Each structure stands twice: as structure tokens, then as C-alpha cells.
Amino acid sequence: MPTIRVELFEGRTAEQKRAFAKAVTEATVQTLGGSADSVDILFFDVKPQDWATGGMLWSDPRPAKS
Amino acid sequence: MPTIRVELFEGRTAEQKRAFAKAVTEATVQTLGGSADSVDILFFDVKPQDWATGGMLWSDPRPAKS
Amino acid sequence: MPTIRVELFEGRTAEQKRAFAKAVTEATVQTLGGSADSVDILFFDVKPQDWATGGMLWSDPRPAKS
Amino acid sequence: MPTIRVELFEGRTAEQKRAFAKAVTEATVQTLGGSADSVDILFFDVKPQDWATGGMLWSDPRPAKS
Amino acid sequence: MPTIRVELFEGRTAEQKRAFAKAVTEATVQTLGGSADSVDILFFDVKPQDWATGGMLWSDPRPAKS
Amino acid sequence: MPTIRVELFEGRTAEQKRAFAKAVTEATVQTLGGSADSVDILFFDVKPQDWATGGMLWSDPRPAKS
């Protein structure tokens, strides 16, 4: 019955999400128990201009770390 | 003051969402109390390739149940 | 397949949540289609000191509206 | 380490989100402590037809308050 | 940078969550790319009386399937 | 109308959340527009054993960076 939400930068392919869903569902069953059919996974693509870390949008150029 | 989030497969019409919002707001007031104005409902359309159950994306063909 | 999350002030009884779940599931099937078994509803109790509106926690006294 | 999710009506510019991210990250560090780098902010644009208050979609005309 | 939220019935041990976090982080890096350090996972324990499927709380007895 | 959710490690005081709510609501109005009354903020306290980064729970000792 776990429901898993994944927020990630847009741009991953359906093939990548398919592989993620398969691997994470297996990992869920192995570590938390329950059946694979009870595992729901939802992907939410986020644009770089909609995600900020350290007060800066990821669509903006980040200063080089010195 | 309840805030209600609904994740559903994309494709429902505005008319369906309008009917849902009206019916669910009424059900909320009747069962939880409070005023209708305090009920917020947000819809999040999800593509079939962004939802997996049992480790398979809903955009992929599912094996027939035997 | 809709998944419905409800954030509400703590204090509602199991009976109220039971009635809400029943009524909202029926409303979902009637307005969005699909089967009742595909409707998941999750409740998240929120304390008044963990919810702010207008910049004020609900656990704090609110000024009277004049 | 706070993660902050913001659901807002679509239509705000990148400049507005940039200013929000900067101001809210600073406010977070000042009031909750921690470093700016540990603050993540995600924006979720919501269409008016996907948000209902009082049982009515925001894309629908609202009756005038008398 | 993926952020992963897991809603699950309460009762899993720290050891189970530890194993889940390790396995899912590895699966994320392998299928989506990026570094392990950029993967955040949050667990939300849900009580059976706060989760309903098919209009029934999981804390209530479910009719036997015939 | 923005709704803001904040996930943070448990342990912040009501005074800190009060200050956060006030400052973030002001920042929201200044940068996104709208009225303060339309800004909702919800706090979700997360235990260190329910948050993992880099595949490790925050309740576990982290290896020193060399």
C-alpha cells in the first residue's frame, strides 16, 4: 500500500521512469513487505525554473564554487 | 479549512471536475463540518506514463489476468 | 485511480472520517467514473499551531474583524 | 533541510518566482536557522480550472458578494 | 535532485526504512542518473484509520471477498 | 491563494514557526502579489529517522567528510 511520489527535473525518458518503477517496486517489496500490486509510484516533472536551492532557481546560472 | 488534493489520470473534463468539486465540498461540509468557503480542492492531472502500479507504467500494456 | 489527500485540523473523529470516505468515494465514482476500489483517500491531521493563514498561526488569538 | 512546496495560480513570471525564492530562503534561514543551501523550494503552477474553493472552480464566474 | 515521498502504513521499523532508503537511492542513481547525495527520501507513517480504499477505512473490518 | 507546505525536521518552536509564517507571508505578498489572507502555510514536522539523504537516515551517524 505504499504510495511513492517522485519529484524530479523534467527530461527523463519513459524508459528511465519504467526502469525506476520496476526497480523501486522490487526494492519496496523486499524491504517493506507487501505485494508489488499495492505499490503506486507517481512522477512529477519539475522545470528548472520551478525549483530553487539556496535561494536560486536552477534555471539561473550558479556561481562557480571557489 | 480542509485542503483536498486529487491526483487523477488526465482526460477528465472541466464539467467532471466542476461536478466533483461541488459534490465533494458538500460531502465535506456534511461530514466534517465547517463552511463550504473553507474547502479548497486542487486537481493534479497525471499522465499514464507518470503513474506506475505493480512496477508497471499505466502507459504500458498490462498482461491479461488469467 | 484517483488518490485524494485531505489536510484538516486534528480533532475529527473516526466516525467523521468514515462518513467522509464513504461519501467522497461515492461522489468520485459518480462524477469522475471508475470503480470505488480504485479510490484512495488519505487524511493528514494538522495541529492549529502548524497551519497559518494571513501570516498567523491558527493557535494564536486572531484579532476581531471590525 | 526544509523543503517548501508552493502551489499557486499559473501566470507568475520567472522574475517573480526568483524574487520569492530569494526572499523566502532568507526568511527561512533567519527564522528556522540552518544554511541557505539546505532550503529547497518547488513551485507548482495550478490552472484556475484545477482549483476550487467553496465548491466552485476558479475558472467559473463567481457570484458577486452582496 | 529527486525528492521521494513515501506514504505507508505505520509500523515499519527503522531497520526497514534504512534498507528501503539505501535500496531506493541506489535504484534512483542507476535508473535516473545523478548522485546519491542529491536523493532525498521522506517517510510519512499513516494510521489505518487515516487511509481509506473503496470508501472504507483500513481500520474497519473489510468484508470477505467471495 | 498560494498554499505553502513546509517539511522540516521536528524541534522548531511555535515561536519560530510564528516568525516564519509572518515573514514568508509578507514575502509572498511582496513578490507574488495578492492579499495576505489568501496565503496558507502548513508545517509538517519530520523525524530524523523519517528523512534520508544519500541513502542514509538522518538519525544514523554520518561518516565524516575527508
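Observations
Here the chain labels run A, B, C, D, E and F in written order, and each chain numbers its own residues starting at 1.
Just so it is clear, a contact is a pair of C-beta atoms (placed from the backbone, for glycine too) under 8 Å apart; a residue touches a chain by one contact, two chains touch by 3 or more.
Keep in mind it's a predicted model, so treat the numbers as computed, not measured.
Each step here moves to a touching chain, and the least such steps from chain D to chain F number 1. Averaging Cα atoms per chain gives one point for each, and the point farthest from that of chain D is the centre of E. In this assembly, the C-alpha centroid of chain C lies 21 Å from the C-alpha centroid of chain E. The geometric centre of chain A is 26 Å away from that of chain C, both derived from CA atoms.
Within chain C, the positions touching two or more other chains are listed as 3, 7, 24, 40, 42, 51, 53. If each chain is drawn as a node and touching chains are joined, the picture fits none of the line, ring, star or complete shapes.
Taken pair by pair, the chains that touch are A-B, A-C, A-D, A-E, B-C, B-D, B-F, C-E, C-F, D-E, D-F, E-F. Touching chain E in their complex are the following residues of chain C: 14, 17-18, 21-22, 24-26, 36-37, 39-45. On chain D, the positions that touch chain B within their shared complex are 7, 46, 49-57, 59-60. On the side of chain E, the complex with chain D involves touching residues 3, 40, 42. Those residues of chain B that touch chain C in the shared complex are 1-9, 12, 16, 19-20, 23-24, 27-28, 30-33, 51, 53, 58.
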